[in-house]
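Each chain gets a letter, A, B and C, in the order it is written, and its residues are counted from 1.
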Amino acid sequence: MDRLRRMLFWVIVGVTALFLLLPTLIIVPMSFTTTTTLEFPPVGFTLDWYGKVIGAADWQSALINSLVVAVAAAALATVVGTAAALALHAHRFPGKTVVMGLLLSPMVTPVIVLAVGMYMVFSGWGLVATRLGLVLAHTVLAIPFVVVSVLASAGMVNPSLAPASLGLGASRWFTFRRVTLPLIMPGVLSGAVFAFITSWDEVVIALFLADAQTRTVPIMIWNQVRTNLDPATAAVAAILILLSALGVLLSYKFRDARP
Amino acid sequence: MNVSAQDGGAPASARAPWPFRVPSAFWLIAPAVLFLVLFFVFPLLKLVAISLPDGSVEYYEQIFTTPVFLRVIGETFRVSLIVTVVTVAVAYPYAYAMAHGGRAALLILTVALLIPFWVSLLLRSFSWIVLLQNSGLINDFLIATGLIEKPVRLIRTPFGVMIGMVHILLPYAVLPLYTVMKKIDLRLMEASSICGASWFKGFMRIYFPLSMPGVAASAILAFTLALGFYITPALLGSPRDMMIAQMIAGQFNEQLNFGLGAALAVVLMVLTAIAVGLFGAARAVLQSRGRSKGGV
Amino acid sequence: MNAVLQNDAVTAMKLEGVSKLYGSVKALDNVSFELRKGEFLTMLGPSGSGKTTSLRAIAGFIQPTAGRLLIEGRDMTGVPPQKRNIGMMFQDYALFPHMTVLENIGYPLETRGIKRGEREKRSMEMLEIVGLAHCATRYPKEMSGGQQQRVALARALVFKPDIVLLDEPMAALDKKLRGQMQIEIMHITRQVGATVVSVTHDQEEALVMSDRIAIFKDGRLEQIGSPHELYQQPRSEFVADFIGEANLLHGKARVTPDGVVVEGDGWNVSLPKDDPQGQALTATDKACVVLRPERIRAFAAGAPTGNAGEGVIEDKIYLGVEYRLVVRMNDGNKINVRSRDVAAIAGMKAGDSIGMAWASDDIVIIGA
């Protein structure tokens, strides 16, 4: 009875793991198929679709847009978010809980609500169909991730280090630059990667804020998926999955790194 | 003690016993707060404003009296609820295996959980389209094993939407469960068995009650996220079974009825806020009832 | 037939050749002993000695690789813990945090289908016995360590099990509380007539609480007996050293007209002809002599020659209740002497040569 229960349990868990992995993994093989429709298992092997995608002008410009926006949003969110996290960690001040709540609320707000809200406001400000508008919007989404990541990292720092540094005669800025910052760097970098990925994959807000010139890769995929489903889309998806995986590895490497 | 000019403009802030000296709190936190107020809070407020033209609640009246809208809100609730129940039910054994299954299991299961978590929602919904279509893998499999003769319509159905949603919500549901389960001492189950209880009784009387905070957190997180889903139902569902998010998008993109769209968005915001509030309340209640590491 | 029945009436548990292998590691090696009804047995030994493995095997959390375990005459092979009618007190108590003290204690009754009213009544009775009747509606985390321990004990006893197991019962308590609880638990279990098996690495705890002690080493049962037997008649160097303090002198045996002499550099032990220990040795046997520190008399001068030794004082330590001398013998070995003879010791100091003497009755010889 006991053994049966144990076996059944692991079967269920195993099936769940497969359920999680399968949809993610089948995309990559499908991108190699020689047929013009998506087949699984793929028929033959070709890298033509990758070539088609990489060579296409519209994909290229979308790629550039995505990259520029993601890097900018990540940079902005990291600077702003790290500063905020440090303040939250080190200081007591009135309204701290409210501020913390504010900083984290983009995470629990439905994206569609953010998208239409920003659309209404940004139209008035002339930020629709600009890269800047998209950067600002994605930064909003990314800030909570950076804050959480840096806070976690800061929580692991030995509390005696800074007083020790000050006691040895270092100035506050010096202490920050040479003692504190290096120690929280894993959290900062990890947060930066999170921010990048958040912007890189974001589609709903982009749909509302971008036009044909400022299209990002996810928008291209969205359009493709709803019109013609062909292996080229799978090729793009495979590339993105690879980049996601890299991003995750990087962020975990940073998180676990001991400075 | 150094008296720095930087302290001049700061509100009186007591230094927490942290680690290091940093320029005063105000300047650090201001950029983030300002940024969010400008580009996050303001847009949300703008929506509320648009939804109440000259203070009139006509759009809300319209929403709560027109069958179409009520159906969509109801449908969103129904789907979110079903998906939440299924997701948490599937997540429970998975989280248990991660928490108590040994180091190798934890590693494998974590990787299996995180890989899809980090692939974008759009791409995952895309792969479900491929899997669910008539010539897709699932139908092929069912036909090959003889369970059906002709392809079954899986795509553009509520079923297809729910499968996709469960897939995307699963990692979110597993993590809070895992966090709570990790802290449950399995010695308690040993104690239960030596007291004469079968595994099942021990589970029902000891383990499951202790895992309740995790179940609650998991369910409310999944439900909150499910309410706002847009991409997945848009790609996998049919226009007939649309969810609130799609309706909002439709009002803005096609109908150009910004006021109504904004009102719907506010409704969704409020529903989400209620769900989040319930989460906080449930967590506070369950935690205060002393559910901590067993024994001591 | 009668003999068998009589045995069953007295024997609560029996281990026959129980072994447990983990790969090639012998956690338990052919362990056999009996447990009598109503007795308090402690399994004592260093960590890794097999005592905890034995306890878990008795509980049913581990299945032996070989051998049998019988409880009340019934073979427990393949029987899961919940069917063994054994009570257990865990090292960190394992109280259910989401249940009140009363509910915790009533749990074993609940699993046996006893209705709520009766359950609460019996649980309250048990609470009275352990002196915590006023804590019935509290939660475990609201109680102190000592109180939690008593609740755990009550939960283990409430359903009148055949055997009660205690897993390092004092480990989670601070030193001061330990001494008090050792006696209290002993009283409680005696009051309810329980048959107890306890596990500990603390020899003092074992001496205080037990009717008999089973000493484990490297998975084997070294020796089992009453505290008195183990202290007075250890059968191995390990046991001699583990229970109480012992000086172990290694020497050679020699037969004389008057008996047997065991001697080393600067000391000797003389056993009279009729001493059974002496009779067991033959000439030139190597033997180990066990001398308890409190059985050695120290002399500044005028030591006898038989059953005596000499050495130089390295340390003289005043412990209030007694003196402790660390004495270096001729062969470099150090022995401990404990004495309450203030007059004799007061004049001595480190560096002095002294003589020591002992009685042949106080000698234990362990064959090499």
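The rule is short, and it goes like this: a contact is a pair of C-beta atoms (placed from the backbone, for glycine too) under 8 Å apart; a residue touches a chain by one contact, two chains touch by 3 or more.
These figures come from a predicted structure and were not determined experimentally.
Interchain contacts link the chains end to end along an open line, per the touch definition above.
Looking at A-B and B-C, the interface holding more C-beta pairs in contact is that of A-B. For chain C, the chain whose average C-alpha position is most distant is A. The centroid of the Cα atoms in chain A and the matching centroid in chain C are 61 Å apart.
Once the centre of each chain is set as its mean CA position, chain A and chain B turn out to be 17 Å apart.
Put simply, the C-alpha centre of chain B and that of chain C have 57 angstrom between them. Residue positions of chain C touching 2 or more other chains, listed in rising order: 80.
Among the residues of chain A, those touching two or more other chains are numbered 2. Across the interface of their complex, chain B is touched by residues 59-61, 80-88, 90, 92-98, 107-108, 110-112, 139-141, 145, 148, 155, 159, 172 of chain C.
Within the complex, the chain B residues that touch chain C are 185, 187-188, 190-198, 201, 205-206, 209-210, 289-296. Residues 2, 4, 11, 13-29, 31-33, 35-37, 39-44, 46-47, 50, 90, 93-94, 97, 101, 108-109, 112-116, 118-131, 135-137, 167, 170-171, 199, 224, 227-228, 230-231, 235, 245, 248-249, 252, 258, 261-262, 265, 268-269, 272, 276 of chain B are the ones touching chain A in the complex. The part of chain A that touches chain B in the complex is made up of residues 2, 5, 9-10, 12-13, 16-17, 19-27, 30, 37-38, 40, 79-81, 83-84, 86-94, 99, 102-103, 105-106, 108-122, 136-137, 139-140, 143, 147, 154, 157-163, 165-166, 171-173, 175-176, 179-180, 197, 200-201, 203-204, 208, 218, 221-222, 225-226, 229, 233-234, 237, 240-241, 244-245, 247-248.
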